[in-house]
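What follows is chain A paired twice: with chain B in the first complex and chain C in the second.
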Partner chain A sequence: MSYFSDIYNGVKTLLTGMSVTGKYFLHSRKGAITQQYPDNRDTLKMFDRFRGEVVMPHDENNEHRCTGCQKCELACPNGSIEIIWDRQVDPETGKKKKMIDQHIYHLGMCTMCGLCIEACPTDAIKWAQNFENSVYDRAYLTRVLNKPGSKLMPGVED
Partner chain B sequence: MNITKNIHEWLFSLMPETTASIVEMVLIAVVYLAIFAVAGLYLVLLERRVAAWFQLRLGPNRVGYQGLLQTMADALKLVSKELTGTLKADKFLYNLAPYFVIVTALMAMSLFPFTKELHAFDINIGIFFLIAISSIGVIGILLAGWSSNNKFALIGAMRSGVQTISYELSVGLSLLTMVLMTGSLQLSQIVEVQEKGGWLIVQGHIPALIAFCIYMIAGTAETNRAPFDLVEAESELGAGFHTEYSGMKFAYFFLAEFINMFIIASIATTVFFGAYLSPFGITENIPLLGVFWFLGKTLLLIFLMMWFRWTFPRLRIDQLLVLEWKYLLPLNLMNLLLMALMVLLGLTIQF
Partner chain C sequence: MDTTPIINNFKSEEYQINMGPQHPATHGVLRLLLTIDGEIIKKVEPDLGYIHRSIEKMCERDSYQQIVHLTDRMDYLSSHINNEAVCLTVENALELEIPERVKVIRTIIAELTRIASHTLWWGVMGMDVGALTTYFYGFRDREMINDIFEETCGARLTMNYNIPGGLMFDIHPNFVKRTKEFIAHFKTKLPEYDLLLSNNIIFRKRMEGIGILTKEDAISFGASGPVGRASGYSCDVRKHHSYSAYDKVKFNEVLKTEGDTYSRYQVRVLEMWESLSIIEQLIDNIPEGDFFAKTNAVIKLPEGEYYQKVETARGELGVYIVSTGTKNPYRMKFRSPGFSNLSLLNHIAVGGKIGDLVATMATLDLVIPDIDR
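Let's look at the complex of A and B:
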């Protein structure tokens, strides 16, 4: 007689399902995942793995970690990154050395694949969390990532 | 109620008897039409908010306070839409179908005892009339699917026919189980029995509880709602029988679905949960509060149906028929026998 045990099991599993959704219903006030975006613009925090745009972090001495090795430029599948570099005399050692002049990033061409960030041996570039990237002129989408007058952080190359 | 009595006397003093009674009927119909529209719109909003809460979202909360005007805005938009149709549609049936669906829903609405006095049409075969009316609605769906000249609409309509005819049986039998205790089909009589001896679900204990479960399952199927929404089955049939409808005609189907849900919940409230009676008679001396109790119980049952919708996956058509013919129907017949024995031996709980 599996007939009645079938009914019993059916009712039991249905009630289990309803208790699961019921719990969600009761907690929906606190745990709602909806972001009411323009209203909470000041407090909105994107999740950690969000890919907004590529940035180059600088410390308080205006120093970055980019050595100009061009690995990111080679890794980029559609040429969004261009590095303009030259050889300059390093004031500390007095030797000629490769240094970046401008790390140019075309946000308009970037597909957010993240290969450049994986390729970077010194963690000089990383993802930013901002997403309000719309501008009125396409030229604004071409960005120079290293700030003017910045230089390489000492000890990165060692 | 006093207001209705005053209007009644005023109307009869103003004009001859036949005209007065016709005017009175029209007035009552207009009032019910207004209740119908408002209830339909707010049930749509409730459904959307409840669905959102089940899915950890917020739901529409922008138009008006907490989104209270959202469905009004949607209805206005639908009014302004073009009424389209297919080229080879059967125009007469195509235009008739929405009215079939909505008029039957409206007719069923008039039977419910909202309070002792607020009861438009107290017919002596009340339950029977309700069951009959609610199965006429399916003709509208069949007509819509047939006349649209669209294969998806036709499949949806045929499924609706199979489903409604099957589950009508369970709805009828589970209500019959309760009628065994009241000995009357008249809704006011049913409420009177409950006023004396407690709500029927308490009076009839185990068989009444089984009958209630079966009624809720069959009632959900009757309204073509998930998990029994094979008729509309968005993922397979587009929108089912109303694929080819647009604008206000679509809105009629949409509203009728929600009003049908209200009707199913109202029947359950009347038959199982004592209609307008308050629990333990706490507000017995304020008869007007009956409306509050009636709507409260109905909304709770509607919430239960929404809970079903957002929990269970859709059944396949063969699973649907197996559930009805192999499980609900035999159980229902056994339950009916059990209830008859209980009434015969006087085993019901009486206060």
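Let's look at the complex of A and C:
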């Protein structure tokens, strides 16, 4: 007897489950959460805090805010940031001052922990929301963040 | 004279096969060496080490702020709770006074993490036993939580939102609104989970009565989390050793006594309801105030040994720090729930069929990077 009741229950619970899937099948347009990536590239906007890659913003005079204090380099857990610096003569005061030569960022090693940006006292680096980072050679993932010929923005002290 | 030996084709003999490290049901790189007789399992030997990254050793190199992001990579489905465990240990050692706001936000996000982990588990476990639809429904609901995390923490999985002393930044203005939307959404979807899978007679016949773990064995194997609670072992760290804001909320510890795969399934589904009720109690009562307590730029723990345990989605995670007073820990040890839960697999799977092993393993909810570290 339990054989037949099992068959009955099996069909019944199967139909109960199919009522759920059937509901979504009939109302597929209303509840659709699928994103049409990459066709929606123009409208796709990431959240402001999204951690894509570290960038160094420059203003229109090609000036950045990095003083070369190396706090980001110290904060980084896995050596993704290297700063090459030397002492150059400040044209305003005539004194020798620490200035960055290259702010090197290895995106391939970065774990997106955000400690460097937390550590930066002058807000020189920030997160960009770019996430399409695939390249053909991993050497492209090593980036120099300060643009060629860029200078320290006047008035930025750490 | 014919000297050909008589071959008995019906004699059974034991032989060994591999399950994994690339088997879809092992969820990662777990290799099981099965000794089987026909389809009956005689022995299960887990072979670990395929994803060992020496996180404990790397912790000895890093400062306490840097350690936090490594714990994201252990049990990646409850990464926020892992972060919280390390931060609580450091804060207790420093005897820091943590603002109430931090505690409440941490608790809300930890419970959201738990729901996200359980929905993923629910989808994947349905897929393991052959119900492919659950996978899509589980991920649909998890997606909303991931969006909340992405907006507030900046990442979907490895969030690294905690720092010793508080949070990295304040919650996003949309956080409360989105969380309420999620609660309203998930309350209509969670009953569908029962309709679709829990009450299905085919699923229940597959799950009931296999992989039975008694309460005594659960205690002696060190089972924790839903695996222990399904056997009647009351082991909820949130209840017994309350941390963060869990002492301010009312919730039930879900306990079952059968100890089979189906009760482990039920415990996790019921836990999602409990997590929802915890979030509901806290989401309107986030206190104002700072989102971090000030710490030194270089944290040096006083000399001594510190231990703190938390309840992740999988069970009890313990963090043990030995400090000699320098800026790095002398020794860091994680007691991960997955490792203890895996150790009892041989005990409960022997005598069953290979198909039952897949169902048993699915309800243990193993995350392999948590086991190997």
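Heads up, the rule we're going with is that the second predicted complex is superposed on the first by the 123 of 158 C-alpha atoms of A that agree within 3 Å, B and C clash if a C-alpha of one lies under 4 Å from a C-alpha of the other, contacts with A are read in each partner's own complex, and residues count from 1 in each chain.
In this text, contacts are C-beta pairs under 8 Å (C-beta built on N, C-alpha and C of every residue); 3 or more make two chains touch, one makes a residue touch a chain.
In this text the structure is predicted, and so the values were computed from the model without any measurement.
Shared-chain residue A:17: touches chain B and chain C both.
Judged by the touch definition given at the top, the superposed model places A:28 against chain B, while chain C stays out of reach. When chain B and chain C are set side by side, the one touching more residues of chain A is C. By the touch criterion stated above, A:139 is placed in contact with neither chain B nor chain C. In the superposition on chain A, A:36 makes contact with chain B only, while chain C stays out of contact range. In the superposition on chain A, no contact is made by A:1 with either chain B or chain C.
Chain A uses residues 14, 17, 20-21, 33 to touch chain B in one structure and chain C in the other. Looking at the complex, you find that chain A touches chain B at residues 7, 14, 17-18, 20-22, 24-25, 27-29, 31-34, 36. Of all the residues in chain B, the ones that touch chain A in their complex are 50, 52-58, 307-308, 310-312, 327, 331. The touching residues of chain C, counted against chain A in their complex, run 62, 65-66, 68-70, 133, 140, 143, 150-155, 158, 160, 163, 168-169, 172, 192, 195-197, 199-202.
Here chain A touches chain C in the complex through residues 6, 9-10, 12-14, 16-17, 19-21, 33, 46-47, 49-51, 75, 77, 111-115, 118, 127, going by the rule given at the top.
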